[in-house]
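In what follows, chain A forms one complex with chain B and a second complex with chain C.
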Partner chain A sequence: MATIEVDGRTYEVQDGSNLLAECLSLGLDLPYFCWHPAMGSVGACRQCAVIQYKDAEDTRGRLVMACITPVADNLRISLNADVARQFRADNIELLMINHPHDCPVCEEGGECHLQDMTLMTGHTSRRYRGRKRTHRNQYLGPFVNHEMNRCIACYRCVRFYNDYAGGADLEVLGIHNNVYFGRHEDGTLESEFSGNLVEVCPTGVFTDKPFSDRYTRKWDLQTAPSVCVHCSLGCNTTPGERYGELRRIVNRYHGDVNGYFLCDRGRFGYGFVNSDLRGRFPRIERQPVAVAGTAIEHFRTQIRSAKGIIGIGSPRASLEANFTLRELVGETNFFLGLDETEHDLLESILGILANGGIHTPTLRETEQADAVLILGEDVTHSAPRLALSLRQSVRNATFDLARQLKIPRWLDAAVRQLEGQVQSPLFIASVHATRLHDSAAETFHGSPEAIARLGFAIAHSLNPESPLPSGLDEAEEALAALIAGRLREAKRPLIVSGTSCASLAVVQAAYNIARALPAQNKGLLYALPEANSLGLTMIGGRRLKDAFARVQDGSADTMVILENDLYRRAPAPQIDAFLDAARHVAVIDHLENPTTAKAGLLLPAATFAESEGTLVNNEGRAQCYFPVYPAQEPILAGWEWLIRVMDNPRWHHFRDLTSACAAAIPALAGIERFPAEEHLPKIPRQPHRYSGRTAMHADVSVIEPPPPQDCETPFAFSMEGDTVHVPPALLPVVWAPGWNSNQAINKFQDEVAGPLRSGNPGIRLIQASGMLPWFDRIPPAFVPERGFWRIVRLPNIFAGEELSAHSAPVAERFPDACVFVNPEDAETLAVSNGDSVEIRYELELSSLRIPVRIDSTMPAGLLGITAGLPPFRHLPNGARVALIKAGPEAPAKTGENQ
Partner chain B sequence: MLSQLRSLWEVLKHTFVKADTVEYPEQKPALSPRYRGRIVLTRDPDGEERCVACNLCAVVCPVDCIALQKTEDENGRWYPEFFRINFSRCIMCGFCEEACPTCAIQLTPDFEMCEYDRQNMVYEKEHLLIDGTGKYHDYNFYRVAGMAIGGKAKGQAENEAPPVDLKTLLP
Partner chain C sequence: MKAETNTRSLSAAEIDEINAELPHYEDKSAVSIEALKIVQKHRGWISDDSLVAIAEYLKISPAQLEGVATFYNLIYRRPVGKNVIHVCDSVSCWMLGSDRLSEKLCRHLNVKPGEMSQDGEYTVLPIVCLGACDRAPVAMVNGELRPDLTDNIVKELLGE
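Take a look at the complex of A and B:
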């Protein structure tokens, strides 16, 4: 702690930090541009000037930039001294000289950091009458708009895109006063984190393109705290709605999880909510019905007349919805709705998390790891935000070196100078090259078996009690020893694995390594397939194949399928047979899909944006999302459909349901403590400047409808209520006087970039305890079979997730449909890049023509396909296929055999 | 006493003065152009819609009676997809006109807006948009703003230099 004096008042501040961060932590208003809480200081914009005095006698002082001035005990500064104020005002005036007269047509307007800072310094009218410099814009792809005239050259964009996120295609071009921030030519920004530019850029140069198409000012968006539903990490988001349509998603700060950044799937994947595929009405035997009541009556009759009923839950539905279904059908009739392998993997992972005794780090903690091994995951595609965190972890060695050299860690440019000298090790064992390879110390490519075997070898090398795979070659042994050596030295080693390889051995090898590590502060993290995969596994239920058996043997004839497209879980013929055999199939879901097409009764479910629910992320953190806007009758939340169909429901409200769920399932007992209890007065979802209330519905009727009531959550669908006594974790809108941009978050944190005041959202349900025996099921090495290939499904950030794939801008970023083969295999097949091959897959009796991409990192005998792309939907992981070079006379019909 | 008599005298005197009130509706009062009555949306001197859908009028409106939605033409020009004023709520305060950065929204001296059916007080863009420039004849926002639109490329707005050539090394 240090004591500093600011404008005559003394404060206690963090030693070793910089003045700007500390002033902001103290709640003082000091304008800045180039500093970013996650990226540190470079002192480029000269906006944060303050006066520093030598001692109590010094009355003149000197101008310093607060962001590059370390805090020291007895430091005396002034923010309000005339010289400092004048300097800041002049600086803004200079920055604004070329600024276009754009605010009314700028997407940033109303949440623009530049607007805020300009007002804060008091520069309100332009004196400069000369000519303004102009720039041409670039096309940057479906996610981000470019309007270069608005740039103030703070360099935040390239610092984020290149330095922080490892991108390579955003550059600073031009010279002196003409610097330009863009690509070397028009084209899609390649980084999977490009959407963060929208929030990182303090001006309207980079703006959200899909949002601009359906633009609304920030003050007109109705919002509620939410959680991303597109992968297992559970990043916190703020979705915004206007006129009954979800308009955008921005980051919601969570000190332990996503911090300041989201991935592009999470930011732009919401399009499915507005999609034409949404079911808006219940359907009985293909006939739409207008009111929910009719459908519910029908549902009741079906259930009453059922010989046996089964319920199939879903890893993308909330705990509450799954729990209600389990209560409706009874515990023995509740099935998890996962494919066989996934079921095994998730159960095994839950066992490891709960009883393995190894801490599962938060994303924030993963950034602090000083040695990382990724075993069998391409995290950029399977848990995207984690890739960004792991990229930061390799910098820890640099930070240590900087500390020795007495360079503060926030002095970004100086610390980055050291980057070439040392690096914390990142080891990646994956099927083929991943996006993190540029940061990796060593990489290994192989089949899932090979990855698992390498993992077991590392574990053995760390602790000889862990079993050793037989028949490793020398290179593998050497690599295992090398990795083990570096992991052993580390103080905070981290093992990352997951379900992408669909291999139990990989998951178990990761545990063996983690257990064998000597360090106290070790971590083990698994990336899971879907947003609530872990939650569903914690509720627990039976296997999908048992459900098939129940229908086959006639002991069940009625089924309720909750938010689950079964055709993604098992081969189509099997699901066809299953659904056809049942007398009644009731499906509750948001989007039309092959399963809903077979439903005798379809009940349209509200999405995350229109309903409430709890999800458990991959670290075991239960987090709540709240409805942003009311679901339009007859659309209801999944849990509500299920409650309404019960004869004598024991619960009527979401809160009661959460409590019941906590009481019934010991593993979930923690969610009882959710702050979802009554908050009176309610918390308004609409900002205090929300406009158009008396006109927005006036085209329908001039008589204003009362605002919809929300009896389930602490929020109100209106502007009225309390925003002052609300814990920041529950605040829908981040806003403070003078701070209209997202950077107002400074005002709601304990300290800059620290936890939210009164705590980060969510409750960790799993505390590491116990220890498991060494896993010893080591798979034999994979040997390619002549003439046959084995399918490996490679996850993809854009195509790989069911819901986000229905968002138009995300669909634009789908990779080309092609198969990845090893160069030697290509030679055997006599194909070169771009040639087509025919895939023959016995079980389906179908063949598929598809172009080849030769990938030198692809292991021989494996055929890589991008999971989620339409042509590959029916090719399961591990399928054995034959390949033939396709003749040039390509028949027009390619692969779209949906 | 004296003051009372004087007051009586003053009042009496007015009997012979011409009345200020007019016999409305037979006689129409002369209203100044800045009178705050029925609101219109105007066009710029080139005849294009002035409103750029910035939402400033809507947010400043104390009774929240303006609602609109931004859209874009094929050349990137912003304009409202719909623009609605609920005149049954409007208090003719004129804040919207003051807030409007493009001189699009203007109050006019027409105050005769009576309807038997309140629903008819809801005006959509087709009811609001007039053909002329209203009170402010010259201003054309897009000539000043830096955004490129159809017919005006980068560097062609007022006081703009031609776009920077990034390839040049000249100072």
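Take a look at the complex of A and C:
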């Protein structure tokens, strides 16, 4: 700690930090542009000037930039000195010289850091009357708008995009007063994290493009705390609604999980909520019905007359919805609704997390790892935000070097100068090259078996008690020894694995390595398939194939399928047979899909934006999302449909349900204290400036309807309520007086970039304990079979997730449909890049004609396909297919199911 | 103007010259400026295709190379005349009337700054301080310093 004096008052602050960060942590208003809490200081904008005094005698002092001034004991500064104020006002006036006067039509308006800072410095009238420089804007793809005239040249965008996120296609071009932040030509921004530019840029240069289509000012959006539903990491989000439509998603700071950034799937994937595929009415035998009650009566009759009923849960439905279904049908009739392999993988991973005795790090902790091994994942595609964190981990060696050289870690430009000299090792063993390869010390490509075998070899090298795979070649042995050596030296080594390889051996090899590591402070993290995969597994239930058997043997004739498109879980003929054999099929879901098409009774379910629920992320953190706006009856939350159909429900409210779930399932006991107790008066979802409330329904009726009641959560669909005593974790929107942008978050942390005041959201349900025996099921090496290929499904950030794939801008980012083959295989097939091949798969009558992409990192004998792309929906992982070069009569148009 | 050589691939001569620079630097990307100069020497200016060709050769992204190319006054991203006249517009020269002189020159050649004259002979561009403030106003014609300019700039620089 250091004692400093600011304008005559003394404060205790964090030693070694910079003055700007500490002033903000103290709650003082000091304007800034180029500094960013996650990216540190470069001293480029000159906006954070303060006066620093030598000692008590010094009355004049000198101007310094707070963001590049280290805090030291007895530092005396002034924010309010006239010279400092004048300098800041002049500086912003200069920065604004070229800035257009277009706030009224600028989408940043109302949440603009530049507006906030101009007001803070008192520069409220513009004196410059000269010509302003203007720029041509670029097309940057479906996610981000470009309006370069608004730029104040703070350099934050390129520092985020290139330095922080590893991008290479956004640069600063030009010089002096003609700098331009853009691409070398028009085109889609390639980074999977491009959407963060919208929040990183303090002005309206980069804005949210899908939001533009149906734009609303921040103060007119109704919001609530939410959790991203598009992968297993559980990033926190703030979705915003207007006129019954979800309009956008922005980052919601979580000190342990996503910090300040989201991935583009999470930010732009919400389009499914507004999609035409949404079921808006219940459907009984293909006929829509107008009221929920009719559907519920029908549902009840079906259940009463059932000979046997089974329920199929879902890894993308909340704990509460899954639990209610389990209660409705009975524990023995509850099935998890996962494919066989996934069921095995998830149960094994849960066992490892709970009983393996190895700490599962938070995303924030992964950034601190000083050696990382990724075993079998392409994290950019399977757990995107994690890729951004791991990119930071390789910098730890640089930070250590900086410390030796007495360069503070936040002095970003100086620390980055050291980057080429040292790097913390990142090792990646994956099926083929991943997006993180540019940061990797060593990479290995191979079949899932080869990856697992390498993993076991590393574990053995670390601890000879861990079994050794036989028949490794020299190169593999050497690589295993090298990786083991670096991991052994590390103080905070991290092993990342997951379910992408669909291989139990990979998951288990990762555990052996983690167990074998000598470091105390080690971590093991698994990327899982869906938002609540772990939660569902913790509830526990039977296998999908047992459900098939129950219908087959006639012991069940009625089924309730909760938010789960079974055609994604097993081959179509199997699901067809299953659904056709049942007398009654009730399906609860958001979007029309092949399963809902077969439903005798369809119950339209509210999405995450219109309902409440708890999800358990891949680290075992239970987090709650709250409805942003009410579901329009007859749309109901999944759990509500299920409660309403019960004859004598024991619970009527969400909170009771959460408690019941906690009481019934020991592993979930932690959610008992959760969500925050009753909050009275309620927390308003609408900002105090929310406009048009009396007029927004006037086209229907001039009588202002009463606001919808929310009996389930601490929030109200209203402007009225308590905004003062709200714990930051429950803030519907981040806002503070004078701070209209998301950067107001400074006001809700005790230390910038630290935890939210009164705690980050969520409860970790799993404490690492125990130890598992060494796993010893080492698979034999994969040997390609002449004339056949094995399908490997490669995850993709845009195409790979069921719901976000229905968001139009995300769909625009789907990769081309093609198959990845090894160069030698291409030679065998006599195909070159772009030629089509025909894929013959036993279970499918039709064959598929698709262009080839030759990928030198693809292992021989494997055929890589992009999971989630329409042509590949029915090709399961591991399928054995034959390939032939498509004949010359092949139509020019490829990529479609023929 | 040698626009016809502005193709997507580098010529053998260009590659040889770039390769000769490589040993002087730690990594390939550091050769960016030299490579741009070499290619410009051969082609007169750096077209989009030339830029991409160099970027591919140096294994850096076109955006990164564009950042370098547009930073330097002496790398031309548009075609220039056979003779490039850089008139200094930094403070000493500006105080001694370089604006007026440059305008005069442009009027004579019937071009705006940055444009090529009709006959392809001349381009006039501003440049930062040439380090000859004591002899301001100053220009640089085809790399050669032309100090002590006066209102006779047309004659002084073009000999007309």
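Here are a few things to note about the model shown:
Just so it is clear, the second predicted complex is superposed on the first by the 888 of 898 C-alpha atoms of A that agree within 3 Å, B and C clash if a C-alpha of one lies under 4 Å from a C-alpha of the other, contacts with A are read in each partner's own complex, and residues count from 1 in each chain.
Methods note: a contact is a pair of C-beta atoms (placed from the backbone, for glycine too) under 8 Å apart; a residue touches a chain by one contact, two chains touch by 3 or more.
Computed from a prediction, not measured in an experiment: that's the story for all the values here.
Of the two partner chains placed around the shared chain by superposition, chain B is the only one that A:220 touches, whereas chain C remains out of contact.
More residues of chain A lie in contact with B than with the other chain of the pair chain B and chain C. When the two complexes are overlaid on their common chain A, residue A:104 makes contact with chain B while staying clear of chain C.
Of the two partner chains placed by superposition, A:612 touches none, neither chain B nor chain C. Of the two partner chains placed around the shared chain by superposition, chain C is the only one that A:170 touches, whereas chain B remains out of contact.
Judged by the touch definition given at the top, the superposed model places A:702 against chain B, while chain C stays out of reach. The residues of chain A shared by its contacts with chain B and with chain C are 173-175, 180.
Every residue of chain B that touches chain A in the complex is listed here, in rising order: 52-56, 58-59, 61, 63-70, 72, 78, 82, 84-86, 88-89, 101-102, 118-119, 121-122, 124, 141, 144-148, 154-155, 157, 159-164, 166, 169, 171.
Taken in their complex, chain A has these residues touching chain B: 100-105, 109-110, 129-137, 147, 149-150, 173-176, 178, 180, 212-213, 215-217, 219-220, 243, 689-696, 698-699, 701-703. Only residues 168-175, 180, 183-185, 420 of chain A touch chain C when the two sit together in their complex. By the touch rule above, chain C contacts chain A in their complex via residues 26, 48, 51, 60-67, 70-71, 73.
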